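All chains are identified by letter, namely A, B, C and D, in their written order; residue positions are counted from 1 within each chain.
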Amino acid sequence: MGMVGGGRGAFIGAVHRMAAQLDGTIELVCGALSSDPERARASGRDWFLAEDRCYGSYREMLERESERDDRMDFAAIVTPNHLHYEVASAALERGFHVMCDKPMTLDVGEAERLVDQVERSGLLFGLTHNYTGYPLVKEARRRVRAGDLGTIRKVVVEYPQGWLATALETTGQKQAEWRTDPARAGAAGAMGDIGTHAANLAEYVTGLEIESVCADLTTFVEGRRLDDDGNVLVRFAGGARGVLYASQVSVDDENALALRVYGERGGLEWRQEEPNTLIVKSTERPRQVVRTASHGLGEEAARNTRLPAGHPEGFLEAFANLYRAFAQAIDARLRGVEPPPGADDVPGVHDGLRGMRFIEAVVKSSQSDQKWTIL
Amino acid sequence: MGMVGGGRGAFIGAVHRMAAQLDGTIELVCGALSSDPERARASGRDWFLAEDRCYGSYREMLERESERDDRMDFAAIVTPNHLHYEVASAALERGFHVMCDKPMTLDVGEAERLVDQVERSGLLFGLTHNYTGYPLVKEARRRVRAGDLGTIRKVVVEYPQGWLATALETTGQKQAEWRTDPARAGAAGAMGDIGTHAANLAEYVTGLEIESVCADLTTFVEGRRLDDDGNVLVRFAGGARGVLYASQVSVDDENALALRVYGERGGLEWRQEEPNTLIVKSTERPRQVVRTASHGLGEEAARNTRLPAGHPEGFLEAFANLYRAFAQAIDARLRGVEPPPGADDVPGVHDGLRGMRFIEAVVKSSQSDQKWTIL
Amino acid sequence: MGMVGGGRGAFIGAVHRMAAQLDGTIELVCGALSSDPERARASGRDWFLAEDRCYGSYREMLERESERDDRMDFAAIVTPNHLHYEVASAALERGFHVMCDKPMTLDVGEAERLVDQVERSGLLFGLTHNYTGYPLVKEARRRVRAGDLGTIRKVVVEYPQGWLATALETTGQKQAEWRTDPARAGAAGAMGDIGTHAANLAEYVTGLEIESVCADLTTFVEGRRLDDDGNVLVRFAGGARGVLYASQVSVDDENALALRVYGERGGLEWRQEEPNTLIVKSTERPRQVVRTASHGLGEEAARNTRLPAGHPEGFLEAFANLYRAFAQAIDARLRGVEPPPGADDVPGVHDGLRGMRFIEAVVKSSQSDQKWTIL
Amino acid sequence: MGMVGGGRGAFIGAVHRMAAQLDGTIELVCGALSSDPERARASGRDWFLAEDRCYGSYREMLERESERDDRMDFAAIVTPNHLHYEVASAALERGFHVMCDKPMTLDVGEAERLVDQVERSGLLFGLTHNYTGYPLVKEARRRVRAGDLGTIRKVVVEYPQGWLATALETTGQKQAEWRTDPARAGAAGAMGDIGTHAANLAEYVTGLEIESVCADLTTFVEGRRLDDDGNVLVRFAGGARGVLYASQVSVDDENALALRVYGERGGLEWRQEEPNTLIVKSTERPRQVVRTASHGLGEEAARNTRLPAGHPEGFLEAFANLYRAFAQAIDARLRGVEPPPGADDVPGVHDGLRGMRFIEAVVKSSQSDQKWTIL
């Protein structure tokens, strides 16, 4: 794989690198790790990339890699949002599969064009809605699909963080800077960065699509240019209702993504900060504490687990599950065989489009006097 | 005190009795414990009331008690909602102070008339929004008032229960029957029964008034006549935003009232099912676990605590705190002295009116296409 | 009931009063609430006792009460430990049933004499090992008895507190003073005060008797005259093994009594500070969270629960369960009928004797070079 | 690095591989991954090792690698215990640094010889007491060293597992087989496998040495040849006391290593299954919840953390911290420079010797009638 963005100073680049390489089936062979050519090459050296594959720009990387016999198999795009589309598009153009960070593009228009291009290309496109990679998220989805809960009635998904409770973007912190800049982040702040994760997680687990939203977005920190908090009423196709909220000003909350799903006869509760526990609720019997690598799990959870019960797996391992499945899909193509079960369990370009529509809808809804805005 | 309602088969009558008598400062001396005269008298005997003070109806009780020299000091009204107004009004008429269960009346009209009557009468009126009685709820309020959190930005208050996930009201269960009957419960189901607790708790702790709401109420159980689930976006006077939800179909959730408040530089989190813990968040230092009867508490918490740290106090003790304060206020009047600190810390008729306006607003909002409905 | 000890300044007197009266079946009618006659009478007035039943000493109380037609039904003894025996003995002498605080006496000799006297008298004797009063402790016991766990293998019971981490007894704190004074507390400090609760809880739930102990008691706070920390290896009759520890110097631990029991095919875990949760473990299925007033409970738990699920019951309610059962047993005697189920579920004089033997054994063991000391 | 053991069917081999390679500073270049040559080579191919570096035996590996210019830098030994000494000794003999799994050897004699050999060789020797790799374990140690707790009084360390509650070793499960076989596991079962981790963790965090033990080891599962449960009273040099227990029959407990340390004025609590939380207790203020990558941490924790707060790091990351420090120490040697801070923070051969003495002492103590056995 080759990486675009993610070099020195970025947080998410190292995550992608560690996650991709965790199982020994993917090797990072090249990169254009910064928009600054100098910094890009230095970052490549930090990671022991071959000198001639530390590229100064993604264009250079795509061009040169496409000429090599041992060319990279896919490009991982971990830049700020505004570059996702152009890099992805260029990579697909050159015939590379793409793994892209979320939100997928800057707006719905770009997203729709990308869907088209991916479909025409026949190439693989993965989107790192990494929270779907946790084994117990997959178990939750399996149980909903199996009908354990009956018809879903209610979904509560929340994603409070507190890191932007103050004007961190004015202190030179890079992450805060671009994430609060509409030109680089897109039309939404908290809702774009983490609200989309929440929406994706809810849809992934329940299998239900968000149909309409009623949103109240706020910018609490003075001078900030994007929302840093948003509360949304949600209606799902088929009649389920819900609440979704995302916040970057929830003081001292870290990365507290949490999902609760209730059906006619059961419920599920999962919290990202303690990801190895899934609470299973029922109208019939005491609450169960289902644990990673322990009793009562389906094969989706099993094949996304690396350690025995009680050996905590975390964020990186979940992230790695997306990469591993993506690599299996590519490998199957290369070898012309059927991909193994689960190789298709990677969020893709349609999830990305849904995410962009979600952002567009909540922003529009927040400015509207009408109650419901359709996605 | 004399009790109206709450006899055999009721849950809340015994709660009021135990709570009122916990500290030995209130004695239950008479009752009209059921609308059925026979049942009323039998219930009185269950509780060892004097034979001649087991009344067959509240009218009889008010009349006869008002003639006694050792008449009861106040009436506790624990009937279904539709009777609150008429009983309270009659009791006030006879010169009795009143402690009333919530929601205060059947609608806003009754509530307004009751406010008038209480104000004209000069009598004391308490409303059992009992969750305000917990020591750590009082501590949370004290910290907000003291400015520990800075300006409040966001409030998340939720009250999920699961006991009505099935059509329990069709099985003969009395609690379920009247709570799902508009004639006895009022215009809202979950929102009236527990949503009002959530709204009251948020206002009590933050000192902010809910200004407008955007509500999505649903009846999930077929045949049910009132909402059993509701999600609400909330705007507070002064600019704070929030989410409030209440549900009776959240399978296997018990009585999971929870409040999270976030300000500029701090936050608070409290959960009713583990009421002796208050999580204190800050932009400056690690999260603190403040515990009942332990470090860092103000005198409001201290005087509402009966046991040393680690000796769990629960629902009854919190309920008893309201009764004790109410009794102190009455006692001070009787003795013509200044009431002790905290004697006024009992939700009253204005809180009751706010609750009724909240119910009216969420029901109206839920039927409206407009986003915001003003309280 | 009449109370001996527990007046002004005492913590446990108010607990006994509130607990005894919670259900309206017991009335506190008289007391000798302090060893200081003046203080005794003033304390009686605090609690609204009739002037002529505020006695200056327990002897006076026993004598005068035994002459009354409406004499108290039983005496509750809540003095420091050194007075338990003489008061209990005198009360039995006069024909009163006795409810006594723990540990039962000052030493094994007194305990043995008390067993004799109780047995000869035919009177009822209850011991407030109050932690057995929690509904989920009773549920735990029921499950062990029903064989859900198979043969018990291991028991871990711990009781860490931190309130004596400093020399609190030198500051005038009454509780600390007598509890660290061998003349009033007996041969052990932490082990006597709370170690006995731990031992009793383990025996109550498992139904197994502690056969031998290997103890390491320590006094960490300089100048203190009794142990403030103790660690004990435990062997139960029948082959189960365990660990028991009690501590008063475990900084910032409140009253963290906890019990874990493991059998061949199941396990149980209960923590006093969150008493409404019982963790149920199994070799076969995910962990269950059994909750007070919810699914899967036997009738022992049910009849010791006053509120619906999610309405936390705490220390006082558990304490009250002992008093209620004791009152039922007395009432049945008075009426010459069969006591209702559960009326015998009150720790008694034999449990008290076992507690004293436990104290004697751990103190002896701690001073011995031999590994095991038999109880 | 080259690996000995850990191939197909082993759990811990993959852990070492993923952990070692996580940061991109170590590459697994060769292996003798099984004692069965065929299986060894097949396992090497699974992991994409070069064909000529998939060795059939560790002797072959050491010999051939020592002849290469690009020879491996160190050997990682992940075999069952009985082979640790001979492989480590042979590797050191050939001049390779060694990273070895724990317990270090089969008995104290081997351990002492290994200490000698390491010291004579001047080579680096690391021992994977991996739990010391967690950032908050390092933070706990830092706080004890900084005197935050005052003099340490009490340590409670427990390590309950339930996976051997039944005779799993008779079902063909490889892990269970060798761990219950004295010839391969050594003199102790649970105490050797996980009790040593507990002892090491207690010593690592407190900086205190276990001086004497009083142990009660039991084999609960019929036919098993080693202890599957053990309870130990512990005395530390300097006067601290403690309890240590390890169990493999604690039904449904996963890998519940937990440490509580109490000093004169503070305490600490850490649980492996929720490793990103450290509870900090004080006599002065409310309990704090210190979190990985958040407030109040020293640089030891900081440099052992890869992700922002709320992005759970787990077992693998902690394991990787040992490997990264070890690699830094080797790298510094190779480059003749001063190793960076923390490069020496890897358990070593003396910790290994202490572990073997601990095993020897608890086994001896368990068979003795004397109370205390000195390490």
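Here, contacts are C-beta pairs under 8 Å (C-beta built on N, C-alpha and C of every residue); 3 or more make two chains touch, one makes a residue touch a chain.
Just so you know, these numbers come straight off a predicted model, no measurement behind them.
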Statement: From the listed C-D, A-D or A-C, the one duplicating B-D with over half its contact pairs the same is A-C
Query: Comparing centres built from CA atoms, which chain ends up most distant from chain D?
result: B
Query: In whole angstrom, how far does the Cα centroid of chain A sit from the Cα centroid of chain B?
result: 43
Query: Can you give the whole-Å distance between the Cα centres of chain B and chain C?
result: 35
Field: Separation of chain A from chain C, taking each centre as the mean of its C-alpha atoms, in whole Å
entry: 55
Statement: Residue numbers in chain A touching two or more further chains are 253, 287, 291, 294
- prompt: For the complex, which residues does chain C have touching chain B?
  reply: 11, 14-15, 17-18, 21-24, 47-48, 161, 163, 253-256, 272-276, 291, 294, 306-317
Query: Okay, in this complex, where on chain B does chain D touch?
result: 280, 284-291, 294-296
- request: Would you tell me which residues of chain C are touching chain D in their complex?
  value: 149, 153-154, 156, 158, 162, 165-166, 214, 216, 218, 220, 229, 231, 233, 235, 241-243, 245, 247, 249-253, 260, 262-267, 281-283, 287, 368-372
